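Lettered A, B, C, D, E, F and G in written order, each chain numbered from 1.
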């Protein structure tokens, strides 16, 4: 609707409104998110699953160093998509905030409170000049008073709560897949499977376990736990041969 | 009246006057408000109704996280339209201001005083360089000395007091509807109904209860109360079959 | 005399001089004043009258919230025209300044001193970068040592003292009307009438009482007093039927 | 000599040198001075005369509020031409400086010292970015150790000492007139007459007393004194009918 | 995909997003890295090898002053590629950080922790205005709890962990060579040989020992050690005549 | 060599290098120096002579206020050419520096030390943004340990020591004249004559005493002394009729 | 490879990367170095020689004031090429740094440490906005623990160690000459001769002693010593008539 030369006028320098009320720098930051590989979050009654597709560009690179899933606190994990270095800043902020809560009040921070601390920081970078917005989206999952919670933050500083959500590359396709397949009462194990199948859904081929980073925060332990590569491989194998597995059980 | 290339010259960088005395960045911020879904406020002798249309983009998104109505203090609620993350900043400012009044003077803050604190903050962002204006309009409703009050703030930092007002998408159509239908002496229940019908008026079809966020602050309790989804559904049902309902009573 | 493309070069960014020694941002701020509805001030031997045309855009808007006349101190009132949120900042500055004088020196501030505090603040915004000028003109009326005083401030930070003055929309027409009709020795009552007739003079039809905000500061009480809507209506009625009224007396 | 498009390149943003070593913003500020009505200063052995042409735009405006001549200290007056609000800032600076000298050292400030304080401030605004130069010229007159002194400040921050000088509109014509008519040993009375005739010289018609602001600082009282409107009228009358006056004497 | 004139719009001034979500200044900083001579890092079970190609432009220049490999702490070395002066700033930061850890906690800093301190600093320069990104990539090698670690930092502030990695000129060719030749269980001596052969691989001719800077941090001593020029020469000789050498042994 | 449109690109905003390594703002500041009337300095074994051509634009201006020669300390004088208000800032800096030396160390400041303090300040304005360079050159003359010294400062912040030097308008012509006529062992009186003849040399006609400001600092008194107008007139007369004078002697 | 209009886009305002990873402002600063007259440094086993070509533009200028060789500490000298006033800032920095080392630790500063302090400062000006890079290169020569050291700093903030190096005008020609003629084991006397011949090598004619500034720091005294004009003249004479000289010996 808006011509290209017109658009150019509003997307430079500090973040300002275009005539139709848009913040182009924020929208471009959303494009930076889309350039990142996908992450998904699944909320089950037993806990939250965070899974991320990590593209390792060389066989000599340590897959573990392509960090897409981060522990923010004992009971909170964060998956990211987009600008990697920006994500680390926000994860660090979340960690400091969680530690501060522990130190000052002697209690674990709420997942929603923690998400808000992050989105307030993100929003500030979209309004005050002299800096660009954060080019990253996050999925913040954890346990609040025994309840699993899953939040998304976007580059505008808005947060949303989800049952299951995808961010990053092919977000729309994966979200469609989740909407079709998500079952609210499935258990954590099923949530892990759904997460892995969702990451593979956009390419119409199963993900390979070595390209996936996956963690859970369950309601029992309320503890962030990375799922081992071995277990991932066995689950991926199950997904590929669902009939065989079913007959096993 | 003003050519496009001419206009472009005045809407970049910091907020400055155009030759005809307009502040384009503020006007564009108003466009950001129009891009948000509508909110309405209704003042009745028994209290204030705040209602908002919340568009939930996915069946997996928690509707409650698309926050459009916020509690600012026990006796004050705020409905917003426009840039969500900006709205949260202003709501937070209002909360801190209300708490400060309580702490410093041991008394609840007046609704008008609170609104002014917010609009002073908004105005500053339209005059001092290095930041963009807030892309959000608010409806601030509450009880002052037993009297229901309803204020609107706009992106220029101006506030207005209303009997009934709409902000956001389709503002003009909804405001026209309110001007036709508003009855100053109707009770709170009627106010809730009017708010729901007003939100549906632009689309010429009734709103669905699940897409509405609604709260009241009545003169008796002087307390912000969210109306439950169940009650909203029954009221919406009444609106759709007004004759049947009437015969029930 | 000056071509358009040439002019454009001097009206962006910070407030700087054009080759012919003009400050375009200040001149554009004056245009913002003209976009506001008119206010008039009348000085009589018995006191000062401040009156403002307030345009209420909807029947549901509280006319009182379209604030055009403000009490700055017990003995000083301010009428404004132009950018509403800017006016509020200057009125707040005047109030703080008046209170400060009371607190520090235990005496009421002079009307001229108060006006200067405001215009010094306005001037600063026309010289130092990083902010735009104030888009508002004020009429500051009050009593100094028993003497009625009436000052105007403009967006350049200049102040003028008047017997009777108009600011805002149709300023020139209303000022011409005042120059013809003003009688220095008329009493306050006549001043109120003149103010109302002046506001209506540009449209060649009488003002409606409900669209007018009017206050007086008389030499006896030295107190800012808003004239009630009822009294305004009766005065407007008198104006409309001057012969009938005269015969009544 | 310099084309227009070339010139434009050097007169924006902060005050910088053009290729031929000029500071355009300072030169444009000089244009702002020329846009102001004229002021003249006359030094006589008995004291200094400051006179200013004040254009009152409406019969309802208080001429006294179109302030062109200011008392800076008991023994120093300042006449201005150009941007009125800028002039007020410099006069306030001069007053604070004079009071500071009194407070710190218990002595009246020298006229030259005071002028330098003002021009140092003006210079700073021509070199450091983030602000525009002052658009005003001043004539600073007073008594130093019994000697009358008369200084001019210009927008570059330069000061000059004069026997008789004009600033503002028609400066050149009035200065030519002064060069022809000035007599170093004429008394203060003759100085007042010369000032009034000088102000009228550019229009080839006598000034009207009501449009003139005139003050003297004589060597006897060393005190700034405004000349009353009545006395101005009688002097102007003398000027208009010099023969009749002479025969009277 | 993106035209050149379009691209230019997003790569000036502060670091901002382009419409497709890229940070051009960061990408150009990556070009600055490619302009620097290559460095490689090899991780073996016995320790880490850092090697750099140093181009000495004159026979009179001290090769040792073309510093490409730096000791950051006793157990950590850093190889750089790109803007030399920028590299020194980051190495100094790493040193201060390592010393601070020693002083505050009395323990050696972890290699990963140290790398993060560096990448956090790099990231800040890509988001906050008023400075350009760092035009340098680093290979940080060292021993963590007896384990050899090798990290890369890039100009976006991202870090990756590697078994073997190349940065700088001909990075892709050298990385391909490493992927073919790297053997995870080769000893440190073999690692040194591989590093030297990798540096020569892009030119298809063996490196000359005098143009190489090489250091190791082995798991036994956990100490950064520069390999002497003599030893380098003998190893290079071995590489050139592998058959002869083998028969010698 | 460099086209005009190319050049324009490097001479705006802050002081930056052009592709050929020039600082245009500094070069333009040198043009500002050339726009000022000339000053000359002559070093003789008996002391230093500073002389300046002062153009008085009106017969009513006090020549003494067109200050070109300034006393910086008892034993140091400064002559200037260029932007008058800038010169005053540097002279004030020199005075404060000289007084500070006296206060802190109880000794007179060296002429070279003083000159360096000034040029350090000038240099800073050519490198740090947010201000323009100083548009003035100075000749600093004085006595150091009984030795006459004469320094020049230019707008880049460089200083040079001279036997005899000219700055400002016609600098090259006057410097050529000085190179031809200067005799290192001539006495102070001859130095004064040479200075006056040098100032007149560019116009090929003798200077008029009233347009000259001249001061000496001799090795005997080590004191800055202004040469009186009377003495200047008699010396100029001598210069005009050298033969007559010679025969007189 | 890169067109001119393209290049212009990256060399204005703050120092940023061009698409091919270059910092144009730094490269232009290198051009400023080339505009300065040449300096050379020679390291011999007995000490370091610093020599500079100083162009004296007038016979009346004191050659000593065209300072190209500076004493930074007792045992360190600095030769410069490029922007003279910039060089002075860096030399002053070096002096303060050397004095600080003496004061804080009671020991002389290392030549390499001192050079790094200078290049760190230079680097900062190439990365942080609001200032231009330093337009100067330095040769820092001195004695470290009895060993002669010679470093070069360039405008990017890089330093190199040399046996013999040239900076400034004709750098490449002189460096070629040095590479041909330099003998590592020649004594200090031969080093002085080589320096003088190198300075003359670009013009193919011997330098004149009066245009040369030359200093040595030898390993015996570890003291910066300027070589007198007389001695320079005799050495230059020797160079011109090498045969005659040799036969004399």
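Going forward, contacts are C-beta pairs under 8 Å (C-beta built on N, C-alpha and C of every residue); 3 or more make two chains touch, one makes a residue touch a chain.
What you are looking at is a predicted structure, and each value in this text was computed from that prediction instead of being measured.
> Please identify each chain that touches subunit E as well as subunit G.
Both-contact set = empty.
> Let me have the rounded angstrom distance from the C-alpha centre of subunit B over to the C-alpha centre of subunit D, please.
Computed from C-alpha means, the inter-chain centre distance equals 56 Å.
> Could you tell me the distance, in whole angstrom, between the mean C-alpha positions of subunit A and subunit F?
70
> Mind pulling the subunit G residues that touch 2 or more other chains?
Answer for subunit G, listing residues that touch two or more other chains: 13, 129-130.
> Could you draw the chains as nodes, link the ones that touch, and say if you get a line, ring, star, complete or other?
ring
> Applying the stated contact rule, could you write out the chains in ring order, opening with subunit B and then subunit C?
Starting at subunit B and heading to subunit C first, the ring runs B, C, D, F, G, E, A.
> Where on subunit G does subunit F make contact in their complex?
Checking each residue of subunit G against subunit F gives 4, 7-8, 11-13, 24-25, 28-35, 58-62, 64-66, 82-86, 88-89, 92, 125, 129-135.
> Mind listing the subunit D positions that touch subunit F in their complex?
6, 9-10, 13-23, 116, 119-120, 122-123, 126-130, 151, 156-165, 175, 178-179, 182
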